[in-house]
Amino acid sequence: MEHIGFGALSYDFAHLLGGVMLLLSFALLSQRRIAATIDTYALQALTLSIAACWQGYVQNEPSLYLTGAIAFAAKAVIIPLMLRRIVRRLHLSATMEPALGIFASMALGVALVALSIMVVLPTTIQAQALTREDLALALSVVLLGLLMMITRRTAFTQVIGFMSLENGLILAAVGVAGMPLVVELSVAVLVLVGVVVFRIFLRRMNVQFHSLDTAHFDRVGSTHR
Amino acid sequence: MSDLVLSAALPGLTCVMAMLTAAVPVTFAIGARLTFASSFVLCAAGAVIDLTALIGGAFPASITLPLGLAGQSTVLSLDGVSAVFLLLVLLSGAAASLAARDDHGHPMATAAALPGFIAAMMLTLLAADAFALVAGFEAMSLASFILVVTNHRDDSVQAAGRLYIGMAAWSGLCLIAAVALLAPHGAGFAAMRAAPPEIWRASVILALALLGPGSKAGLVPLHIWLPAAHASAPAPVSALMSGAMTKVALYVLIRLVFDLAGPAQPSWWGVPFIMLGAMSAVLGALRANMETDIKTILACSTIENVGLITVGLGIALAARGADVPPLAGLAMGAALLHVLAHGGFKTLMFLAAGAVQYGAGSRALQRLGGLIHRMPITAGVMLLAAASLAGLPPSAGFASEWMLFQSVLGAVRLGGLAFQVMACVLAALMALATALAAAAAVRLIGVVLLGRPRSPGAAEAHEAGPPLRWAMLLGGLGVVLVGLFPGIVLSLTRAATSTLVHTTMSDRAGLFGITTASEAPGYAPLFILALLVGAALLIGTIMRARAVQGHRAAPLWGCGFDASPEWQPHGDPLAQYGGSSFAQPLRRVLGHSLLAARESVDMPSPGETRAAQLSISLQDPTQTFLFSPVGTVREFLSGLTDRLHFLPVRQVLTLMAAVLIGLLLYIAVVEQL
Amino acid sequence: MSAIAGAIALLFHILLMLATAPLLVGLARLAKARLVARQGPPLLQPWRDIARLLRKQPVVADSTSWLFRTAPTICLAATIAAAALVPSCALGMVGGAEADLIVLAGLLGISRAVLALAGMDSGTSFGGIGASREMTFAVFAEPALVLVIFTLALLTGSTNLDAISGITISGALGLRISMAMALVAACLVAIAECGRIPVDNPATHLELTMVHEAMVLEYSGRHLAMIELAGALRLLVWFSLIVAIFVPFGMSPRPADTGALLLGFWLLGLIAWTLKMSILSLALAAFETSRAKLRVFRVPELLGMALLLGLLAAILLFVSQGFA
Amino acid sequence: MTLPDWFDTVTLVPGIPLVGALLVAILRDSRIGAWVVIAATAAGFAAALRLPGQLGSGLFLLVDPLSAHLAILTAFIGLTTAVISRRFIAHELATGALDAGRVQSYHTLFLTFLGFMLLALLSNNLGVAWVALEAATISAVLVVGLPRTDEAVEASWKFFILCGVGIALALFGTVVMYLAALPALGPGYGAMTWTELTLAAPNCRATLLNLAFVFMLVGYGTKAGLVPLHSWMPDAHAEGPTPVSAVLAGSVLNVALLLIMRLRAVMAANAQAIDPGPPIMVLGLLSVLLAAFSLWGRRDVKRFFAFSSIEQSGLAAFAIGLGGVGATFAALLHMTVHTLCKAAVYQSVGAASQRKGGQKFTEITGMIASDPALGITLAAAIIAVAGLPPFGLFASEILILSETMRQTPWLVPLLAIGLLVGGWKLLARLITLCLGAPTQARGPAVGWTLLWPAWLHLVLAAILGFAMPATIAAWLLAAAKVAS
């Protein structure tokens, strides 16, 4: 696997999948409608699971298939379904107001991608290209997820941003050769537990504040310093 | 045999310190009175041991204790300098412990903290490594803080405590920084002396020492905590704080600058000492004339006296730098003598103030008066101490001030024209300060002890209880002895002076007096006393022979004020001069510009029946120019940081992203370089 | 043997000063009266006043304390002690070695402080007003005085009066501008310290203008006599002081210098001293006649001038590098 | 020197609390549950005490002086807090602030939290450490959200979202770290093991190390409460049950700082990588300064002390950033003593706020007058936290200041400003809390007998500061050498 480089199918396909994920991250950033956001997220998760499986094939590492399967089941299917149910049940409005304009967030996103490439490229001149490109893409996805969290007002979209961020993490993890299972396991734990917790929170927050706008919290907080 | 006694001095003092420390928790078991008694006994024993060591001169001695910083040991040592200050601390501590048995305040809190306070001062003085020094200093701050806030139900006490502990933290930090600068090669004093700092480092140490321990001693510009704190503490504690703690702070200053910062400094090092000292002296003495609380007045006078001592230290430092040993010895002797004298008479004064507070029920000048009739012993002691405060011969305060003036005269020879002019101005400022102190002393005595009582409490005042009375009488005896035998007291500082400025006063100080140079005329308190007594006898003789004897008592004629009410047998007491009216000329002439003193009169129009009111406000220049602006800046910054801490979740995430991106950019840039 | 002789000489000196002091005041009063074309009291009037007061029993307010009654004695004793240290007609007296200017200022300070306390003890507004003003004036007079002492000490290398006179008399100093300035400053301080016009008016009993008189308003009988005597003695001490420092010529030299106590020198010194005292007192009378009393809050300005003169004197000395 | 990885006595240290958590979850009785908690923490502490004799490292666990020291400390705090919380929670139950179900959750989560903290401390594997820290975070989030107040929910939300993002970033850092070590150690567990990483650091890829460092610093820095990543901390401390604040203040910060220490050691071993000191120092210094200034405007007691924790954590981080055995020793001492003292503060503050029925400064005044025992304990604890003798923070702050003076003297003024501004306000608050006229008491009185854990902490802090036994000093020194 040390010989993978430009032109090799394995490399190109992995690269392509990473690129698709990054593209989907941008798509997430640009969405205004909740339903579309959830769909885009599901698509990204699907891409991730394919990428994981592909890496499992390339690296001949069966555990990665498992990772891909978990990602597919949890992130591409179950979580989006749950999110849709929440939206239905809570009668959330179909659109949401970004705190930062769409164009501005896209521009920032591009800058972040540039930054991640700038940081990663000198890193691995002597290392295999796979790692290098993959890392840059994963880092971009992580940073874009973070960007999404900070440019969206509602807790709901922050959660999606967070999960997109985690997609980036797993993309990085599966791209690394021979990473022990520990990481995948932990990611699975994180996703599962995280969603459970989110679920609790979303429910509770709604009970107590009748809205998912996080600005409510800040008003409460400001009176109790 | 005597060698044995001398070699046991330091272990003995260490034992005293340990037992005083142990008394802190034990207080809760044995009760306040017993604690005060044991504290008194321990302090007295320690004083005897220390005096033996001072007379025997077995310096320096050191022992190592298996306590201290992270597995290291602590070195304690006794040399001439620490022994001199130790003597003051122990004597003052003994007097305060004795007097505290008469305390009407909160004996448990006081009893628990007082021995700890004395022990902490002892540790500061005995410390021979950086950690012990700082630990002692901070423990001293903490213990005194607890003592300051014992009457914590009073809001002004709380405010004083807040200011005090903040300034204590400040001086502690300055001390730590100074010590850290001194100790790159080891924390022991010996290691510091072996590798004296180079000039820039030494200069920073000088600044830190003046700002840190200097503020603890009450030096301008960081003195404003002192009047509030000293006034808030119970009287015996105030006595200890003013009499001893400020001196311990001076000791730290001396130790850092004269000893640890190296054996030779440039002559200009004395200048900041002299300037700060002179400013403190004038400002403190002036404030002492303006304040209306007796303990605040005394605390302000402490600022003045610390200023005078610091001037002496500055001249000694300059003279040492210019290599003029006789002058250095004279100035250092003056400073040390004043340390002991002021320690004595200020302790006494505060004890008497305590007796007044408890006996007459108030510390406010406008509620006192005429106490000399009902509190004869307190009054006598106060008069004695006030004479020292005013610097009148042959009291304890005069000898050192005389030496100080002589050293200012000598200081003219230390530098160029600028230095000479400074010395000249310094002389004038010191004269101003001592004259102001005399005015303050007259005002204090005149309003508190003399005239007619201004409140029922003062009219019904009662004399202090036996412990306090004994403490005052013994203290008074000590102060009289210091005043009459300054030469003997100076000889106790021989070892200290020779450690610090490599010369002594021993050829110029004797049983009968002190001189500026051997074979020169000088000051002989015994002769002055003899002259005064002789003159008084002469007058007495003449009067007995020539004048009509006895006197006739008559009611006071007061320009026709109202008939006396029942409880005021001597007429309306407010128709006499009080504290604020006495201060009026000085307030108008000096206070207006230096202390921003303002008077406003609320005069009712004709026909109105309400009383006219005069209100006086004053503010310390440090408050105006330093503390208020700094407070504003602090508040502004706090507001700024608050905005950072209470951001909405989204913005907090933005911050996080910003940190991440910033760090990424940082490594990107560093990697490019 | 010589110690006893010295003590006797000292006693004689003190008695001489005591005896002369009221005469000095009398002379000044007489001269002042004559200057405004009045007849004036006889020269001995102050002594007569004192004698009359001694015959009267003092009346003491019943709210006052022992301090009020002993204050005159202490005040007079301190002034006498000061007088004992100031050389009148001879150098090298018994107190000579202790005649330090700072000690002298301290002794005068005792008498001032004690009287101020007595003023406060009287428990009236007058006592307080006088005490307050007296102490305030001292606050401004003291720095000026110290600067004068400073200048002298720089010139002569000592603060000891005896030593200073000795050096001045030897002519080693010559004429110096610093000395002149110090002289003026010293005179201003003396006027303030002795409560003379324009600082205070010893003859007034107007409420708002009194300083010293207000302080001692409650005194009568022998107490007042002592205070009057002390006041006169203070004037004499200041005169002698100024004379001893600035024009010591004619004083009897130290026994150590001449080898023996010579009565002739003494007589010469006595005559010279009497002459100088009379001249000073006439000058005082002339000065007081030509001036009006200052407002209380103008006094610090006057003393500030003295302070500046003293400062100038010292600085000129530094510039000329002329100190010992 | 290798350990068998599982079923070893070392695993008992985190294992016992976790098993205890299961037990509590099964038992469904809050009163018995409280005793189980105490028993489990006591057993865990006993097991931890044996750690110094079991030095060694394996694939998953690492017992070196550093981790053993902090594990003993954490287990100790867990024990004393368990003792305190039995009474505390019983009172919350009595007043209806918590219901029985929540009390049971509390006990379960407390033990889970503690167990995972200990696991994180003792893990040799970056992944294990990460998982443990994550699990601990989740249980802490749930505990903080237990009180049903709006503020508690808000606090736990903030806590979760920030720490979630932080921990995610740390995971990314872990992946990159593995990638960096790949050329030196090859694929497998070795490249994720602290011991191996430290040894092989010179051969790792420097630029990847840098990247990993940034992500892990931000991730674990969030857990350490370093400004500006600290926002969760004041709220979580203020709104969660007080005993948890005691453990939060102590252990979470320590785990995060331990990981930063180890990270620093790896970075420092590679000459091409950036110097890890300055970024850590900057964050530490920022924390000290900003937290100190923020102390002034606070009205809530627990939030106030949370800011103080941020300040102290920043100080420790600053010392870690300074590097060198001396500074690391100082940092370790500081962490240790601060944990002890802050736990004492929270234990007494918790009792005080229950006694007075509120946690605003206006509601708690004059403690010494109304409850002498509690007031004096609280005062002593605040004095300890303010860094005054005779307590150990005094010693550690002196050490840190003098190390700073030795290495970067120009930073001393900034550090001193932070310490002064913070210490001043702490002591000023001591005055309002403990002195003056007392407010009306609404809760149960607390006597000396119930306060012994706080005093135990304070006495230990004093001994560590002023009379540290030579063996412990040598032990801490060894720990510092491991980390520097």
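Which chain is which? They are A, B, C and D, in the order written, and residues in each are numbered from 1.
Just so we're on the same page, a contact is a pair of C-beta atoms (placed from the backbone, for glycine too) under 8 Å apart; a residue touches a chain by one contact, two chains touch by 3 or more.
Bear in mind that the values here come from a model prediction, so they are computed numbers and not experimental data.
The minimum number of touch steps separating subunit C from subunit D is 2.
Remark: among chain pairs B-C and B-D, B-C carries the greater number of C-beta contacts. Ranking all chains by how far their C-alpha centres lie from the centre of subunit B, first place goes to A.
Chain-level centrality, scored on Cα centres against the all-protein Cα centre, points to B. Centroid to centroid, with C-alpha atoms defining each point, subunit B and subunit C lie 35 Å apart.
Subunit B and subunit D have Cα centroids separated by 43 Å. Taking each chain's centre as the mean of its C-alpha atoms, subunit A lies 68 Å from subunit B. Work out the mean CA point of subunit A and of subunit D, and you get 31 Å between them.
Annotation for subunit B: residues touching 2 or more other chains are 642, 647, 649, 653, 656, 660, 664, 667, 671. Annotation for subunit A: residues touching 2 or more other chains are 119, 122, 146, 149, 158, 214, 217, 221, 225.
Checking each pair of chains for touch leaves A-B, A-D, B-C, B-D. Subunit C makes touch with subunit B in their complex at residues 14, 54-69, 73-74, 76-78, 80-81, 84-85, 95-100, 102-103, 106-107, 109-110, 113, 116-117, 119-129, 131-133, 135-136, 138-147, 150, 153-154, 158-160, 162-163, 218, 221-223, 225-226, 296-297, 300, 307, 310-311, 314-315, 318-319, 323.
On subunit A, the positions that touch subunit B within their shared complex are 99, 112, 115-116, 118-119, 122, 143, 146-147, 149-150, 152-153, 158, 214-215, 217-218, 221-222, 225. Within the complex formed with subunit C, the subunit B residues making contact are 369-370, 372-373, 383, 390-393, 398, 402, 405-406, 408-409, 412, 417, 420-421, 424-425, 427-432, 434-436, 438-439, 441-443, 445-447, 449-452, 520-524, 527-528, 531-533, 535-536, 538-540, 543, 546-548, 550-559, 570-571, 573, 575-578, 581-586, 588-590.
Residues 119-120, 122-124, 126-127, 131, 135, 138-139, 142, 146, 149, 155, 158, 162, 165-166, 168-169, 172-173, 176-180, 182-183, 185-187, 189-190, 193-194, 197, 201, 204-205, 208-209, 214, 217, 220-221, 224-225 of subunit A are the ones that touch subunit D when the two sit in their complex. The touching residues of subunit D, when paired with subunit A in their complex, are 125, 127-128, 130-131, 134-135, 138, 141-142, 145, 150-151, 153-154, 156-158, 160-161, 164-165, 167-169, 171-172, 174-176, 178-179, 182-183, 186-189, 192, 205, 207-208, 210-211, 235, 238, 297-300, 303.
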